[in-house]
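In what follows, chain A forms one complex with chain B and a second complex with chain C.
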Partner chain A sequence: MSRDPAIGYRRPMRSWWRRDRFFVRYMLRELTALAVLVYAIVLAVGVVRLSQGEAAFDGWLQALRSPLSLLLHVVLLLSMVVHAHSWFEIMPKTMPLIFVGGRRLAARTIQRTGWAATVVVTVVVFALALWARA
Partner chain B sequence: MKRSNAPIFWLLFGAGGMLSALLGTVLVFITGLAVPLGFALGADWMSYPRALAFAQHWLGKAFLFVVIALFAWHAVHRLFHSLHDVGVHAGMTAKLLCYGTAAVLTVAAVVGLLSIGF
Partner chain C sequence: MTEPRTVDLEVLRYRPERDSEPVWQRYTVPYNHDMSVLQALQHVKDELDGTLSYRWSCRMAICGSCGMMIGGKPKLACETFVRDLLPGPIRIEALAHFPIERDLVVNAEGFIRKLERIKPYLIPKEPRTLAQGEYLQTPLELERIEQFSSCINCMLCYAACPQFGLNPEFTGPAAIALLHRYNDDSRDGGRAQRMEVLNAEEGVWSCTAVAYCSEVCPKHVDPANAVNQNKVNSAKDYFLRFLSPKGATR
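Now for the complex of A and B:
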């Protein structure tokens, strides 16, 4: 980036991650954090609007129905799936070691358990939402 | 030696990561797609009186607070540590901006939820 002679040559940073598919995947994975943040903002705005009364909250609901918001939430949904996938992918590396019968628990077992937990939680939450239908 | 405050941020990051991995997909689907489109749950699922009743209950309050706060702290922690990869120096300004965003969202959620009442 810099051409300051005191610093010398610095390899440019721009688009370094596009040179390799592994890095592209890495950047996409890190970008899912942005989706988690955006969704937290959407919910926080909803809570604040709810505290401001019916008209304010209806405005938030109306905004959620706009095509732009629907498109955004499709992107958020896909990002959340990628995020969950990457979270369970790294879990065997971040967790304390587990030994079963003297052998280290396989990474795949941990990943599959994580996915299974997500599927169970998803089904339970959606069932609860259906049960609480208007 | 001064104690590091890093474990607190890592803890929030880990808890938020787990929670968003488990809940993120279904929550986005319900609040962002199913309800606005009137799919399966009905368009009135999040209507004002229902949302209010949910947020007034201590359990609903706790749920909303935990989801908003942990999602936010998880996300900013990860974004902060990705800054270096896109050539942004992860200095004090970046740190304050990142964690400040999460703090603002947390405070907004607390103030909103408390003013909704019980």
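Now for the complex of A and C:
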């Protein structure tokens, strides 16, 4: 929004992220990072409560079962799926070029490997949780 | 033959001697199926308003001159067709994030300075005489850098980069992609000199991986990949200096 005859007319950047759908999606990726933070805080509180004894930990477990907490967790889960998707989408751009047998590894292969690792880790975590309960 | 159909263009004009800020101006031009946006602008300049300023040269997406915002997206006017933007009006504006010099012409001075700064030429590892022959490279070594050497300096990636819009000092996608093209060249020995540009805050660390630059690139250079690969290189360069007194790149 400035006018300098030597440089030219600078247009303002105000609300730049609404100018293109691509930017809106980028902001969504950045916003959903907050869900990861919130979930990390929830877990960290759990660890602190665990160190304070059984009653404190049971109180934390009880709080997790409240309707408000369940709603929060649904929102967090959805946000984290969106976040994971957006990161796997740009993962090939953040890595060095990989050559296998003289051929460049396709972006799609890298993205699918990311998702496959996610599925494997999720299954392992669920299996461990079920095994711990039994 | 049917009557020639027409489409409206809305062009952001800026004439520093009379406009205090840019203003939209509407032109109605006839079009046919194979007409590019550049040809539509040429019709305006030839037939309707000779004062309209824009850059162009080759008309075939290789000179990189006619980059502009068409319908809000950074595009080359020569390879964007009117038929894909119907019914219009087609909004045409100078490349985003650059200062407007006049109408659709932006000030590219900053970009040229960045290009100079990255030393975009081979700095041979071992100088060879003509008699010793050329610097050889395997096909795989070529493939590592080939896509990054396809840049035509059209600056569409800068118009797609909000971080450049917010901080014009950011070295930005095209310049870093070209820097990477030389740094990763098996014949080059200039890496240490170029790492200073990458390591600076205006180097790779101003990038937040929006990655729209790669999306709009007409030559599939994938500058976002070049920038983000070099975040790793820059981090290595920083930490390895603790292991090697001379630093990682020397």
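Following the convention adopted for this analysis, the second predicted complex is superposed on the first by the 115 of 134 C-alpha atoms of A that agree within 3 Å, B and C clash if a C-alpha of one lies under 4 Å from a C-alpha of the other, contacts with A are read in each partner's own complex, and residues count from 1 in each chain.
Throughout what follows, a contact is a pair of C-beta atoms (placed from the backbone, for glycine too) under 8 Å apart; a residue touches a chain by one contact, two chains touch by 3 or more.
What you are looking at is a predicted structure, and each value in this text was computed from that prediction instead of being measured.
In the superposed pair of complexes, A:A116 makes contact with neither chain B nor chain C.
Contacts of A:M13 after superposition: both chain B and chain C are touched. In the superposition on chain A, A:A127 contacts neither chain B nor chain C. When the two structures are aligned on the shared chain, A:P96 is found in touch with chain C, with no touch to chain B.
Of the two partner chains placed by superposition, only chain B is touched by A:H83; chain C is not.
In the superposition on chain A, A:V24 makes contact with neither chain B nor chain C. When the two complexes are superposed, the chain touching more residues of chain A, out of chain B and chain C, is B. Contact with chain C, but none with chain B, is seen for A:R104 once the two complexes are overlaid on the shared chain.
According to the touch criterion, the shared surface of chain A, contacted by chain B in one complex and chain C in the other, consists of residues 1, 13, 17, 30, 94.
Interface of chain A with chain B (complex): residues 1, 13-14, 17, 27, 30, 33-34, 36-37, 39-44, 46-48, 50-51, 54, 57-58, 61, 64-65, 69-70, 72-74, 76-77, 80-81, 83-84, 87-88, 94, 114, 117-118, 121-122, 125-126, 129-130, 132-134. In the complex of the two chains, the chain C residues touching chain A come out as 14, 16, 20-22, 72-73, 96-102, 106-107, 109, 140, 143-144, 160, 162, 165-166, 208-212, 214-215, 222, 224-225, 228-229, 231-232. Residues 1, 3-5, 7-11, 13, 16-17, 19-20, 22-23, 26, 30, 90, 92-97, 99, 102, 104 of chain A are the ones touching chain C in the complex. Contact residues on chain B toward chain A in their complex (touch as defined above): 14, 16-18, 20-37, 40-42, 44-48, 50-52, 55, 64, 67-68, 71-72, 74-76, 78-79, 82, 85-87, 101, 105, 108-109, 111-113, 115-116.
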